[in-house]
Structures are given as C-alpha cells and as structure tokens.
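See structure below.
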Amino acid sequence: MPNNNTFGKLFSFTTWGESHGKAIGCVVDGCPSLIPLSEADIQPYMDKRKPGQSKFTTQRNEEDKVEILSGVFEGKTTGTPISLIIHNTDQRSKDYGDVAEKFRPGHADYTYHMKYGIRDYRGGGRSSARETACRVAAGAIARKVLGNKIKVRAALIQMGEVKINPKNWDWKQVDKNPFFSPDAKAVKTFEEYLLDVRKEGSSVGAIIEVRAEGVPVGWGEPIYSKLDTELTAAMMSINAVKAVEIGNGFEAAQMRGEHNGDKMRKDPKSPNGVKFLSNNAGGILGGISTGQEIIVRFAVKPTSSILTPMETIDKKGNNTTIITKGRHDPCVGIRAVPIGEAMMACVLADMKLRHNARR
Amino acid sequence: MPNNNTFGKLFSFTTWGESHGKAIGCVVDGCPSLIPLSEADIQPYMDKRKPGQSKFTTQRNEEDKVEILSGVFEGKTTGTPISLIIHNTDQRSKDYGDVAEKFRPGHADYTYHMKYGIRDYRGGGRSSARETACRVAAGAIARKVLGNKIKVRAALIQMGEVKINPKNWDWKQVDKNPFFSPDAKAVKTFEEYLLDVRKEGSSVGAIIEVRAEGVPVGWGEPIYSKLDTELTAAMMSINAVKAVEIGNGFEAAQMRGEHNGDKMRKDPKSPNGVKFLSNNAGGILGGISTGQEIIVRFAVKPTSSILTPMETIDKKGNNTTIITKGRHDPCVGIRAVPIGEAMMACVLADMKLRHNARR
Amino acid sequence: MPNNNTFGKLFSFTTWGESHGKAIGCVVDGCPSLIPLSEADIQPYMDKRKPGQSKFTTQRNEEDKVEILSGVFEGKTTGTPISLIIHNTDQRSKDYGDVAEKFRPGHADYTYHMKYGIRDYRGGGRSSARETACRVAAGAIARKVLGNKIKVRAALIQMGEVKINPKNWDWKQVDKNPFFSPDAKAVKTFEEYLLDVRKEGSSVGAIIEVRAEGVPVGWGEPIYSKLDTELTAAMMSINAVKAVEIGNGFEAAQMRGEHNGDKMRKDPKSPNGVKFLSNNAGGILGGISTGQEIIVRFAVKPTSSILTPMETIDKKGNNTTIITKGRHDPCVGIRAVPIGEAMMACVLADMKLRHNARR
Amino acid sequence: MPNNNTFGKLFSFTTWGESHGKAIGCVVDGCPSLIPLSEADIQPYMDKRKPGQSKFTTQRNEEDKVEILSGVFEGKTTGTPISLIIHNTDQRSKDYGDVAEKFRPGHADYTYHMKYGIRDYRGGGRSSARETACRVAAGAIARKVLGNKIKVRAALIQMGEVKINPKNWDWKQVDKNPFFSPDAKAVKTFEEYLLDVRKEGSSVGAIIEVRAEGVPVGWGEPIYSKLDTELTAAMMSINAVKAVEIGNGFEAAQMRGEHNGDKMRKDPKSPNGVKFLSNNAGGILGGISTGQEIIVRFAVKPTSSILTPMETIDKKGNNTTIITKGRHDPCVGIRAVPIGEAMMACVLADMKLRHNARR
C-alpha cells in the first residue's frame, strides 16, 4: 500500500490515532453489504485485548469501547466504509519529561524522532501498541466476512524460556487463564515466572501461534501476494514482532525432502476428497491454501519500557540513562494473542474477496 | 499490490513467464532517470544465481542472458519502464507425464491445479524457482538506485543440520565456494553432507542471512509498510521459504528487556553521532532503520522434487506414488543467496524513494 | 486504489460517513511532518462550501465544524495519519418514506440499491454531496503541503444557459457573490435566473473552472498517472459531474496543429527561462506540468432532487411518480466550486510528493 | 497506481517500450484462468489500429505483430501474467537532429526533458502514440474476460469542424471507411477535408465516441473508483486527449433537472424489469452502471508534429523554429478509435472482477 496506514487490498482497514490523543480509530473499506453487524459483534474481541484485566498486563484503565460511526444501516453493512472510533479515556495529565527528552533503547522513540523530526511522545504516540486495538476491531468484522465455517484462534506457546507442552494443547483452556495458554499445566509456571520478571522491573518476550481451520483450498495470490507472504507481513507489522514462520518454519531448514513434503491420500470424507498425512506446510503450498489448517507462529520481543536503568542518549545527542516508569506490560506478548488472531482474520477475508474476484 | 505479480510501491518490478515457456522477464518501473545502466551491470548477478555452475545445483543448462528492451537511452535510464527479457534456451522436449498427472507432495502442483483449474506443469511452470531470475535482475538495478555506499550481501549459514561457525565469518569467502558459505572451514562439511543427500535421492533445507550496510537512519513507513514488514514479505515471497526473522528474531522471545534493547552512546565518529552497543534489533526499530546494519534471516525448505518415491494422488484424485526425475537442486537454499540479496536491494530502493517523497 | 474510498497515492485521504449518520470524516495519510496545522487552517474552506449560506443553496443548517483527532502534536503535523471528523448536527427525524421506497430519476438511488441490495436512503446516505465536505477538509491540508507559492482557485463560469464574460474575469469578485462568479456583471443575471429555476421547483447545471498558478514544470507521472489523467479523475469523482476538460478541451478537436501548439520563446524573467505564447494545453503536455497555469473545467448536472413530479419505479419495480420535498440546492454546481479547488489541491500535493520521490 | 505504467486494479496491464526501441509490450495481470486465448484473438484489433493502412494515417510501416510470451498453456489462460511483445520493425536509421535538439510546441518533448533530464527523442520515445498498441492488445484480452454479451464499439464523430449526422449512425459503416465514421454520408467530406489539411502541412483534432452495450447494472465502485471516474481517467491517459464526457456531458450544465433525469418505467422485457425513457446519464448513476448503454466521448487535439514551421526553443533555451518532417498522422484522432474501445474494455473487465469480489 502506498497508504502506509492501510492494510489489505479488497478488504482493507486504515488506522489512525495516538496513544494519548483524543481517540483512535479505523476505517474498514471493502466489506460486502448485507452482513448483520453491531458494536456487540466487535466489543468481545476488544475486551479480550484490553489492558488492565489481570495483574500481568498494564494497569492502564481503558474501556476500549468501540463505536460504529458509518457503513451500517438498520443493522446491516451497506458496502460503504465502516468507521470505528475508540475514545481514549485514560489520558492522565502527567509528566512525560523523561520519555520526551530521552530515547528508550529498543523502542521506536529514536527512529521516529530521526525520520519525522517530531514525535508525539505521550505514551509512545503512534508507535504505541494502542494502535493494535483498531486491528482487533477490524478483525472482528473480518470474521463476519469469513463466516462461521472458518475458525481463527491463537494461543501463547512460549514466554521467555518457559514453553507449553504441545501434548496438553486444549483450545478450551486459552480463555481460562490470563496468558492465553492452551496448556493448563503451564499456567502456574507462567504465573510464577512473570511475577519474578515484573518484580525485577524487567520484561520478557513470547511466542504466539495462530491457526485457522476451515479455509478452503485455493486462497492466496502468487507470486507477490502469496497467502504466506501476506500473513507474514501481517504479523511482522504488529509492534515488537521480530520473527514469523509458517508450518514447521525454521525447522524445515533441517529436514529432508521426503520428510518435509506432506504426503497425500484419497479420502472421500475430506472436503476435496484429499487427506494430507502431515501438515509441515502449515496449510500453504506455492502461496495458496491447501485446505489444511493454516499455521503461523511469531515471536514478540520484550517491551523496552522497563524500570531497569538503561544507557541511552537524549534528544541533544548526549549520554544519559533512562528508567521508564508508569504502567507497562511485563510481557506484551500476552496481548499479542488477540491481535495475531485479528490479523489472520483480516488477511483471510481479503484473500477470500481476491479469490472470488476471478471466478 | 492488487497486481499480484508486482513487487514494490515506487521502485517496483512486475515479473512474468513460465519455467519452460519461450522466455521470462520483468518490467522495472519507477527507476529514477540518468542512472548509467547496461546489461553488464546486471549479468554478473544473473551468473551468480545461474544453475549448473557446480555439481551441487541443478544441471539445467540455462545461459540466463539478460537483455534490456526499453527504458535506457544512450547508456542511461530515462525514468521510463525498463523491460528485461531472459530467453529460455534449455527447453528440452521431454516427457512430463508423471508431473503432469500427479501432484508432488510439498509442491505447488496441487494448489495451482485447484485454484486455477489448469497449470503449466512443464518444469513447474509459473511456480518454478526460475521466476527468481527476474528478481535478481531487478535487484541489480535496485543496487544502482541505492548507490555504492549501501552494500547488500548474503550468505548461507546452515544447510540441513550443518551450521557455520559465526566466528569464522569472512565475506570474502562467500564467492569462493559453491555454497556461498562465509565460513571457509564449513565448506568441506557442506560438501560431504550434500553429496550424501544427493546420493540418497533426497534434498535438504537451508538458512540464509542477508545484511545491508550503510542504510541511513529513517527508512521505513509505519504502520503497515514498516521496513521489517516489507523485508519479511519480500523474503517470504521467495519459493520454498517458510520462516523469516529480523535481528535476533525468535531468540528475542527468550530475552529480558534490559538485554534485548540495544543501548545507545554518543559517538561523534558515527553517522548521526550515535553508537549502538549491540544490534539485537537488526537495524530496525518501530519499522524504521536505525542506521545500523540491517539483518534478515530466512529458512528454505528442501525441494519437493526428489528421487525418493512419495505417496500422493493424481489429477483424478486417486492414490499413487511419484518420483521426480530430472535435474533438481539437492539444496535449493544455495541459490536463494543471490535472490535474498536482490530482494533486500529492491526493498531498500523502494524505501529510499518512499522516504524521499516526503522531504 | 483498491480501497474505493481512498483518493491519492502518496498524499491520500480516505473518506467515510453518510449524510444523516452520526458523523462524516476522513483520514489524511502521507502528509509530511513539521507542517503547522490546526482546525483554523481548515475551517474557512469548510465554511465556503457549507450549505445554507444564501438563499441559493440548500437550507440544511449544518455547522460543518471540523475537528482534528490525530496526527498533529504541539501544533505541527507528525507524519502520522490526520483523522478529521465533522459531526452531523442537523439530522432531523423526518419521514423519508418517498425516497426510501422510490428511486429518483437521475440519482444514485437505483444503482446503489441494485449493487448493494441495501442503501441508507436518509439524505442520500453515502451518495450524498455531503461526502464532499471531507474533500474540502483534505484539500485545506493539501494546500499546506503545496505552500504559499502555489495558488489554487476556482470560479463558476456558467449556470444553465447563462455564461460569464471571460473578459470581466476578476478573482477578487469570486468571494463577493453567492455564485462564486468571477464576473461581477453576471451576478444579477445569475440571481434572477436561479430564482426562476427555484420557483419552478426545478434545478439547473453549471460549469466550474479551476486554476492553479505556480506549479513548477515536471509534475505528473506518465503514462497512467499523468497530471491531466489524475485531475480529470479527481473532478469526475465529484457528485453530479459529467464532463471534464483540460486547457482548451473539446475545442482542441476543431483546431489546426499550428494554432493549438503553444509556441515557446526564451524569456529570462520566467521561472525556467521560457515563456509560452498561449496556453491551449492548460499547463500540461505529455501528462507533465509545463510551468504554466493549470486549467481544468468540469460540468455539473442539475440535481435530481426536485419538486417537479417525475415518472419512476419503486423498490418493487412498479410504476410510480416521485416528488422530492425537502431542502435542495437549485444549482449544486455552486457548491462544487470549493470542492473543485480542493480536489485540484489534493492532486497537486500528491504529484509533488511523487515527483520528489525520484530525485 | 503507484506503478505509473500500470493500468487497472484487478484486471491490469503494465506497458513498456519506446517508439524506436527494440520492441514494445505489456504484461496483463489478473486475467482469470481457463479462457481460450491465442494471438489470433488479439491481432485483428492490432491491425485496426495499425498505421499505414490508408493515405490518412502515418506511412510508418509497422507490422505490429503481437506475440504471447507467457500465461497461456494449451490454448488457455492459466491465471498467470500474460506477457505480450510487439517487435519494432521499422526503425529506420535516420537523422533525428531537429527533434533531438528542439522542442515541438504542443508536444511532450519539453516536459519529458525537464522532468527527467533525458529523453529518448527517437520517434517520441515513450511519449509516442506507439505505446497505445499495447493498450489495444490488452483490450483484446479484456474483451475475452467480458464475454460475448458485452459489445464495446467506437466511432469518430467529428474531425476538425466537420461533424457526422447522428441520424445516419450505422455501426456497420464504421469499418468500411478509413475514418471509422458511422455516417456513410460524412465520409466524402472527411476525405476532402483531411486531404486539404495534409496538403497544408497541418493537422487537425477529432472527437471519438465509445459505447458499451450489455453491461449489467451494478458495476463501478464509489466513491473514488466510480465507473465514470475510471473511464474518464482511461480516456484522458491516451495521448493527445484533452476532454472527456459521459452521457450528455457538458450539455448537462445547461439542462433542467426534470429534463436531465432519465425517467424509469416498469418493463418486464428489460434485463432487470426496468426501462429508462432516455439515457442522458450515459448509463452511469452515482458511479455505478444502470444497465443502459455506457456512453463516453473524448476530444483528441491535432498532432503537434507538423510541416508548418513553429516558433520554439532548443535544449539550450535559445529561440529557434521547428518543422517536423517525417511520417505523421494529419489526424491522430482516427487511430484513437480502436484505442478508446480498448480502454473501455479494460475498465469494464476490471470493474467486473472488482464487483465479483464482493459477492
């Protein structure tokens, strides 16, 4: 997109707003008409992402109440742009002095300052993870476009050095613990681990896995809009993400061809009469969906806003040290779970429309 | 891009052509005028990627001679589209029977067939890695746009289970061995390992690292055209790539904030008077270049065209087994090295123009 | 744009909202940073377009007060999206019965209904000219991007059968009469003519001329983003516009080559040392600005919402007759004057950035 | 499009090449698969546009033989990019001295020189009407996408001061005279008129009308990709076009609302049970097709390459005079007839796919 704040080609959304400005919002364009839609379809996803829900996320207290301003008439989408707004309610007037004058190592402070010559430093301004609330809202609409047969879900599978046991994977657990862990047995460990991290004034990274069931064969547009290309870009555009993989991902580098290729067998019970004996491909071959489950994983780095003092420079270029006080997530990766889901849903909705166009 | 075979926004290229068609080519649009350019600027990069150069790559014997058809006048670019063509010379008339009727597990055969209802099966048609020759050609032009101060280089750092030793990294070694290994000591191991793989009629994956030196601070367009987003998409769009990471990538998930954030110090000798004490970020913060080296790594899966028989189905949906005879790379990852470089160069050229636009 | 509600490539805006919804608005993306900007820079242009200012425009009483929600910090643009909102204050609860059930001939009612299967019929919904308020807001920002040296102005030169006398053209007159006529002598005639039209419950069309002074030579991107192509598209996208021409336009069809080509002479006092002896080209050759004044004209059809009964069908496809009561402009062309200016400014700002990108 | 040499969003084409370079060509992307296609489907349209067919067009002798290089397999499109090439055969080595050093008034010579600092002056280089051969080729493919039920045709309706009589309109006549006149009785006058113009070493403009029958209701994407917006841009992007109108166009400015709005009546025999009593709208309301015939007209200026001496400047900025020798069309408008048709077909094919996407 030449419009750098727009994501998607046919099903698209454009986000705007700063962390501590009046409001944030997005404009969803390209949504088909006649889809029943109200705020009640969107709010549950907002609530899932919302900060301040447990002691493990930032205590910023935002309601994150989404309001539809256009594009819906008598309870249905009209095919015109859907404008969504989320008012910022927790804009404490506070002293931003330190962050205003100094650059947090590992944060966008420095690069925004150098690129634009100005930055809204209040709460990270535009580079704040607050922008992702808009993605979640757009994702909720994308789900309506996809329909009920396609199920998009995510879970946290690693936090710092602690990994879940994939054998314990149970989707029903994900919403029952503050970490979105699919492994009930890992919850206690995550809890102790993260309390330690927070106590030390530190932060830690995480790995999220996003899966989509029910995607039909044939979605994805080779060569430069492959389904995996778009999914990877979608995840990498989320704040603090540093790595993305599809299916077996980096592990594929170590594999032999005969083990990596997913063998195929006739199976009249499967959607296209085909069953794959494994899913190393993560449901994508040649950039096109195979009909198997789509599997994406991404790594989130630890937040750079920590209480531990860090060597840095100030706006004048002089050496100094920074401590970021305030309310910060010890593991931003946790809240990346609903965001990853939303981005997957948006990519799929876009791909559905793009595929339909050529039929 | 709505044009699915186009990459880039301001510096862009559109590729076309099938593996065993008459020719392949691309149209580079958006190249600034008055840049000296001839085939001699492009051919060396084509030669680096060209198959059949060692016993470790496919023995397909293509000259890969690139010809400029437009956009250059009296030795200089004119600002109009640069059309490049590479004639296919090695189109042996041969029996494609097996590949025509059956789907190779792990290959795009099946998904192309299901998406389009038709596919040019000769040599993989459009899904062939042959398409990447065009990227390499476009990449050579991108380098001219970037100028000499920006150096884009890549190396193979892992093949199957064999890794290089980063301590032995020497860029000068890369072009001296058939694996593009920066570690001279690893060459012998790679050689023995790959001969074994090939002897067994198998194939193996690899990991490539691409680096760019000299990129100024400020390139990259938040939120959805971040420099890392675009680089990740670029690499993921290459055939057989399954994972991409920036800087420390997946490792960031395990790190603490105070170790992950790259500390900054005043340094009058550095370009912007700033020195970073580490480069975990891979030269990108908030989607914008920091002025440090840009670092990207990607994983290539083993080729699915192997001599080992694989269970699969045919076009009619019946169970069968496939063996892919013919000339195939035991490790396609090797030839991904110049391709990764080219994609990095194209992304950077595009970002340079996009950044310039707003000044 | 695949995003159908977005205009522009590098300097772009995305509009949303329906005539009688909660609000309308737009997101301006791509605006360079460090430009001083406040609501006070935008409001005067809103006021110029605002309905209800004279007896010759609709008596709908909207304040059209624009509010900046993002993208500006400490009085300056930050390079992030500028979100603008205009609340709809005059949403009378009224009986839309007739318009809800029947299609106005010459109006978008029918086509929206057929395309989307649903339409917000209140005040024309999305197809209302109210959408153009957002264009005017974006245009005000575009002017800031262009700077003071570029002057974009428009005037009404014909209403129904009444034309101005070009010899009386005086820019100072334009804002002194309710028709934006540059010919003071034509005002009286326009007034009498339009009062007649309104009295008869009818409406009438108009022709608007937009000019830009100070545009440097070289803006415009051949072949498919020519300056004239983009300007024509910009004007044609305005509600009710049916024709657009550049320079001498349709008259060129009747001319001989030696009279149409604008002769050139050396002139050290002119910006590039060149003076043109005429401006039939309207300041554009080969899609690129010549440095002369840019001249565009467009025709606006009479509004289809009139008191005269018209034969039509209803939603069920049955024959009926419609009379559109309510507050309607007898000549919508009048209010197209500030809109045409705004679109010209937006195209030029976009072209400026696009041209800069390649330097 | 950020790619300035690309037209269309889902059905798109990218053109390249200079008038006297090795070849010209285009890449058609987004064409659905399984459409029967061969050179024989395209060549007739090329022949219609081809120069040197009568004494009324340039005597340049180009075969304009189109060759398909990719995207077609076993006689059918595969959904991959269709690359088309047309070799330039009539590149006489000649003295371009005058055009190389001086700027033709009314020609793109000056603006290309000033924008790019370099231009391929041979035969107009990239700004030559030769580029339009590619549009005609793409248009032939677009017609296949549209199918037989949609008929796109054009005719010349005015040349200089001579107009056809619309009452004599007969589509069958169009291909029977060298002017594409639908009025058999006007042919003789056109002939005498144009011979005079040529004898005088002059040139003259023209008006072309393009119509499309069979377009279903509902195509077109408000607000900024309206059907009329895209059609207008398409026509205005053709060399030498200075004006475009839809339906009654500029005439609408003079009309009253009750005469301009096309009344609707129930009619079970019509496609959607609706009959319009007139077609002032040219088949488009609110940017969306009504199901009526689409009607577009555009004006072509006289070519600037004439034998009459014109005052101009040279590259150094000094005063001089230019005479353009060589083979030139006395009325380029004639050959714009098949080009206008092609652009209409391409816009409609694109709109068809874009509309389909949302169903």
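Per-chain numbering from 1; labels A, B, C and D assigned in written order.
One rule holds for everything that comes next: contacts are C-beta pairs under 8 Å (C-beta built on N, C-alpha and C of every residue); 3 or more make two chains touch, one makes a residue touch a chain.
For clarity, every value in this text was computed on a predicted model and none was experimentally measured.
The chain pair with the larger count of C-beta pairs in contact, out of B-D and A-D, is B-D. Note: the chain lying farthest from chain C is B, by mean C-alpha position. A straight line joining the Cα centres of chain B and chain D is 39 Å long.
One finds 26 Å separating the Cα centroids of chain C and chain D.
Separating the centre of chain A from that of chain D, both taken as means of CA atoms, is a distance of 46 Å.
Among the residues of chain D, those in touch with two or more other chains are 2, 4-6, 9-10, 15, 30, 33, 79-80, 115, 126, 222.
Judged by the touch criterion defined above, the protein chains are all mutually in contact, each touching every other. Those residues of chain D whose C-beta lies close enough to touch chain C in the complex are 1-2, 4-7, 9-10, 15, 103-108, 110-112, 114-115, 126-127, 131, 158-161, 197, 202-207, 217-218, 220-226, 228-230, 232-233, 236-237, 242-258, 260-266, 272-274, 277, 280-282, 284-291, 299-306, 308, 310-313, 317-319, 333, 355.
Contact residues on chain C toward chain A in their complex (touch as defined above): 2-6, 9-10, 12, 14-18, 21-25, 27, 29-30, 33-34, 69-71, 73-74, 76, 78-83, 85, 115-120, 125-126. Residues 2, 10, 30, 32-33, 79-80, 222, 353-354, 356-359 of chain A touch chain D in their complex.
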